[in-house]
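Next, two complexes with chain A in common: one pairs it with chain B, the other with chain C.
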Partner chain A sequence: MKVTLAMKPAAKSFISIEAESIVPKNFLDGTDLSVWRGNRELRLDEVFSVLVEGDADRSEDVEVVLSGETFRLKRVGEYMDGGRITILGNIGMHCGNFMSGGIIEVRGNADGWLGREMAGGAIVCRGDAADYCAAGYRGGRKGMTGGTVEVFGSTGDFLAESIAGGTVTVHGNSGDMAGAEMRGGTLVVHGDCRRPGANMKEGSCYVYGTVQGMLPTFRKIGTVQHGGRTLIRFAGDLANRGKGNLFVKDYEYLD
Partner chain B sequence: MTELLVKNACVIDPLRGINAETMDIAILDGKIVEEVSDAAEVIDARGMLTLPGGVDSHTHICGTKVNFGRYMSPEDMRAGRTPRRGPLHATSGYSVPTTYGNSYRYSVMGYTTLLEGAMAPLEARHTHEEFIYTPLQDTMANVLFDGNWGIMEAIRDGDTKRVAAIIAWTLRAVKGFAIKLTNPGGTEAWQWGKNVSCIRDPVPYFEVTPAEIIRSIVEANELLGLPHSVHLHCNNLGTPGNYSCTLGSLGLIPDLNEKRQTLYAAHVQFHAYGGSDWKDFCSKSEPIARFVDMRPQIVMDMGQVMFGRTTTMTADGPMEFNLYRLHHEKWSNHDVELETGSGIIPVIYRRKNLVNSIMWAIGLELALLTKSPWQCLLTTDNPNGAPFVKYPEIIGLLMSKKYRDAEFATIHPDTEARVPLPAIERELDWYEIAVMTRAGQAKALGIQDLGKGHLGPDADADVAIYPLRMDEVDPSVDYQKVIDAFSRTEYTIKRGRVVARRGECLVDGSNATFWVRPKVSENYDMGKDPDFIEKFDRYYTVRMRNYPVQEEYLNRNRCIETEARI
Partner chain C sequence: MIVKDAVCPFCGCLCDDIEVEVEDDRVVAVTNACELGTTKFMGEKRLKNPILRYGDEWKDITYDTAIRYAADMLLSAERPLLYGWSGTHGEAQCVGVHMAELVRGVIDNTSSVCHGPSILAIQEVGHPGCTLGVVKNRADLVIYWGSNPIDAHPRHLSRYTRYAEGFFLENAFRDRKVIVVDVRKTETANIADEFVRIKPGGDYAVLSALRAIVQGKTDTIPRTVAGVTREQLVRVANLCKSAKFGAVYFGLGLTMTPGKYKNIRNAIELVSELSRHTKFTISAMRGHYNVYGSNEVNTWMTGYPFGIDFSRGIAFYNPGETTAVDILARKECDAALIVGSDPAAHFPRKCLEHLADIPVVQLDPYPNATTAFCNVQIPVAVTGIDAEGTAYRMDGVPIRTRRVLSTDYLSDREVLSRMYALMQEAQER
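Here is the complex of A and B:
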């Protein structure tokens, strides 16, 4: 089943839309869903031109395609457990929260909190992702626990904060505090980033570019070969009695 | 004039010696009366268990410390969310909920009076402001005097009357209800980066010992004729082998008051540990319970630990630092100038953890081994041992050996060798539970004469009617029914008004705050004492005239005047 949701142009396009109902599973029972714009509940067809082709018995066979001013949509794919969501443009905050299965593809950029606390499945972002990509939530002990997030552009700060499982790969650069409070899982940044792995307990963090502001609480172990690259291995974060591994191509401490 | 008649109520009212008598309760303008006119609104209780409104004599629900628990645990606010509805405000949070969350949840469980266990005098305004937004319970606050510089100097000089005078001035200024000592001396030592190991260790600079602080303040408490006794959180909380220190502290206390205890020992579960380190950690509830059995001058509360997530918060700063070193999670530490300090740490008590399992057992043992329920009150030191919403489960555990055994089978297997709990057959009855949750608490707080904790004529019309008939439920078998009933009243009546019905709060309410104003002679008025004023102006960051909490901060103001003997 393919569900195509094209956003209708809106007069007040600055108000975001809470669209946690846009999950493949929900379309098995038709398109009688609602979303919230501010304090107003709207039917799905008030916001989107809805087109359904074919039918399906299980969420794995459902594909949802979103187009239009999709950067206004928040919480798309929250608690998604299977199927596929393709977003042709940019997507708003909290896309793929808590997802446990299926695939979300964002052709454009993603706003903050992409794949927050996800437990499984895969998110692919062709553009950039903003802050707190694949992170935990405020104050929480564990962030992402499984699945994969791949970002082909760059990401903002606090990438994969509190990650406890799963894999996050960023092909561009990342901002400050990547992998902060990491306690498991794998984080790979192909470009540069700042202060990775702060307070990490476990897990592995790879930076194929240059680390700026390298934290002094990591102990240098030596060099390792990894996928054809020579990386410098650190253990830490010693400030947190951490047993994490940080591998970097190059690094510079703060002056 | 509003009249209400509760018919066919099966009443347990321990302060009046009433045990399961079916009777009518007449209410006129928020007070219990002998009879009302035929025009009164009638509630038919249909023989359901009816108790005086619940009293919690030790809980942390309002104030800077609680609020900082909220700040530092935004994840806690993801639980317990309820939307705004009718007169009710939105709530959120589990172990440190919003004030409305606390108030509604307590009300649904039938609680109508709460005592905030620790209010730093300097930050009293915050507590009183939050009291206003705890609308469905009457409130009062213990004031922290554990590291007060003026008091420690007076103790060093051996001047108990001056100790009493400073307490009188402060209670009046901050609109406090009673004296709280949290790790006496230890929190002041913490300001020097130290702690006291037990009651004979001197506090740095002041050179007084916790034993001197406790004894002197207990005497001062009686000089002032305060309704409540000193409320003590002993030194050395949470360390293996601390029970001997607890016994030493309790042994300091003479019997000075005929009407009530002379010392309220708070959350004794945390102070009843044997062993020399975490490896041979074990329960010492038996010696403590036996010691308390022999001393009517002491009342304690359980401080029961229940498994799950919660937040620990106390004025015992050094103890929280030790906890931080164990858990390595987030930690907050706070210093309150010349008075006290505090620390906060979120924790998870786990069944799989041997130490946590033993702690769980110790609280229950204290309640079951102490002969008189008037001497061991039911609390969790909310939220330190568990959030107060766990009270019904604790009642279930105390009333049912079967439930205890079923729970015991799920905890760490080595617990059995470290605790006496499996051998205890005692099951508490309804009357004892009523004592431990209201009558005993009101008596310990000294508020029964103010119309709390009983249903006698002229008492405040605070009534909890639970959806349960005692003749139909055998608590030792049907413990789940007991838990369900105590979780959700059929009616909670506060000041003569139905405030909660079947788990739903109905009104916005308006709380009253009790506070104490001891009348002292001119010579002992610290507001005119040059030395006190000079020290105040030199060391505090606030001016003395800005320090007292104005009465505008109190919603309904119930001032208790006492005749001090100084």
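Here is the complex of A and C:
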């Protein structure tokens, strides 16, 4: 089954639309769903032109395609457990929150908290992702626990904060404090980033570019070969329990 | 008439030993307060009555009209923002939360642009804090990190630290050491026993290094960390470990610099580490006299301290998304009620552009920078001067501010309660 949701142009409002109802599973029972713009509840067809082709009886067979001014949509794919969501443009905050299965593809850029506290499944973002990509929630101890997030562009700050499992790959650069409070899982940044692995306990963080503002509390162990690259291996964060692994191509301290 | 033990409604110290002399319903003299407090008591020129923007001009309107305007504005909005709250009393803040819930809006206070990061850090790792009195009487080491009390909290030093007597200290002035950590030599640094100068953006690294040194892992620390030599770091760590009771006070130099809440988290974790060796506490130098109260009121009423979004009928909290600066910059609200703060004086330009596009009502005694963005401004009595109510000191101690003179102005609580009553009526209809 393929569900196409084309956003109707908004008059002038920039108020975001919370659309946690847009998950493949929900379309098995039809399209009588609602979304919220601020404090107003709206029917799905007030916001989108809805087109359903074919049918399905399990979420794995449902594909949802979103187009239009989708940057105003928040929480798309929240608690998704199977199927596929394709966003042709940019997507708003909290896309794929708590996701446990299925695939989300964002062709454009993703706003903050992409794949927050994700447990399984896969998210692919062709553009950039903003702050807190694959991160946790405020005050929470564990962020992402499983699944994969792959960003082809760059990301903002606090990438994969408190990650405890799963794999996050960023092909571009990342901002400040990637993998802060890391306690498991794998984080790979192909480009540069600042202060990765701050206060990490466990897990592995790879930076194929240059680390700026390298934290003084990582102990250099030696070099390793990794996928054809020579990386410098550090253990840390010594301010914390210090059992994490940080591999970097190059680094500079703020000395 | 002389009013004794008045409470200064300016900074988070909330000094409660002020003497105010009043003649003909005017403050003529203030004793004990610092310059900031005295200026606040002496007062500026207040707005006389509510005003409504009328083209390029202001029109005088009645309180009834102004209150109805605000109620209608909030009721018809899809995502109203109720912002400010640090410059008013707790009783008014309570009404604000009720209003936000009723109209399903977002309520946020000024901590989202000052100590919000401190609260985020506390939510992650807790808060080993204590009251100011404990520090005054026991602390033999005080660290001001990224805060400059001589400028921002002038009597903090004289009432509680550097120049204060301490019950458990024989000679407080001699026995109490003061360390200042900052990116520049502030006035407070001049009166410190030890000044640690950090390169901008280097606080996190220095805190991490100190944590490792306190744990005895000095050997891995590079020769300098963000401009601070390893020798000095070791000296500071030793000063901390050998203190009987240490207290850290941090300010915006730590909360608003790169890393933000992670800096505070790191500082708290350093304090926890030090508490394995001796007694150590940490507290925020809260700015506005009742910003702490706003966090308290919000927390006991909604579960969250600031940036609370009621649009879905339940409280949702996510600083960076549900906080005023972010909402305005993203144009995600369609009306604003401002109480007890002056966002136009502090917010980024992008936020102000949106504020100029939406209807805005402000409750404030004085014309301020935000007035230029208002459709309606309602003057109110000043808490601690012609209105009374509860405020929370920077250490979380509630203190009832006193009324030192009487005027005809309504208090924030009175104006908001009337607004709320109108809204309830409209909802029932």
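As a working rule, the second predicted complex is superposed on the first by the 253 of 255 C-alpha atoms of A that agree within 3 Å, B and C clash if a C-alpha of one lies under 4 Å from a C-alpha of the other, contacts with A are read in each partner's own complex, and residues count from 1 in each chain.
Convention: contacts are C-beta pairs under 8 Å (C-beta built on N, C-alpha and C of every residue); 3 or more make two chains touch, one makes a residue touch a chain.
What you see is a predicted model; the values in this text were computed from it and never measured.
Q: Look at where chain B and chain C land on chain A after superposing the complexes, then choose clash or fit.
A: Pair status: clash.
Q: On chain A, which partner's contacts cover more residues, chain B's or chain C's?
A: Of the two chains, more chain A residues are contacted by C.
Q: Considering only the touch criterion stated at the top, classify A:Arg241 as touching first (chain B), second (chain C), both, or neither.
A: Once the two structures are laid over each other on A, A:Arg241 reaches chain B alone.
Q: Where does A:Ala10 make contact in the superposed view: on chain B (first), on chain C (second), on both, or on neither?
A: After superposing on A, A:Ala10 lies clear of both chain B and chain C.
Q: Tell me the contact category for A:Ala180 with respect to chain B and chain C: first, second, both or neither.
A: second
Q: Which of the two partners, first being chain B and second being chain C, lies in contact with A:Gly139: first, second, both, or neither?
A: In the superposed model, A:Gly139 contacts both chain B and chain C.
Q: Regarding the shared-chain residue A:Ile221, is it in contact with chain B (first), chain C (second), both, or neither?
A: Neither partner.
Q: With chain A superposed, which of the segments 81-89, 117-125 or 369-377 in chain C collides sterically with chain B?
A: That would be 117-125, the one stretch with clashes.
Q: Give me the intersection of chain A's contacts with chain B and its contacts with chain C, in residue numbers.
A: 137-139, 141, 240
Q: What does chain B use to touch chain A in their complex?
A: 72-76, 78, 328-330
Q: Using the touch definition from the top, list the residues of chain A that touch chain B in their complex.
A: 137-141, 240-241
Q: Can you name the residues of chain C that touch chain A in the complex?
A: Residues of chain C touching chain A: 77-79, 103-105, 120, 123-124, 199, 201-202, 204-205, 207-209, 211-212, 215, 217, 220-227, 258-259, 262, 265-266, 269, 310-313, 317-321, 330-334.
Q: Note which residues of chain A are touching chain C in the complex, please.
A: Where chain A meets chain C, its residues are 13-16, 18, 36-40, 93, 112-113, 131-132, 137-139, 141, 176-177, 180-181, 195, 198-199, 213, 215-219, 237-240, 253-255.
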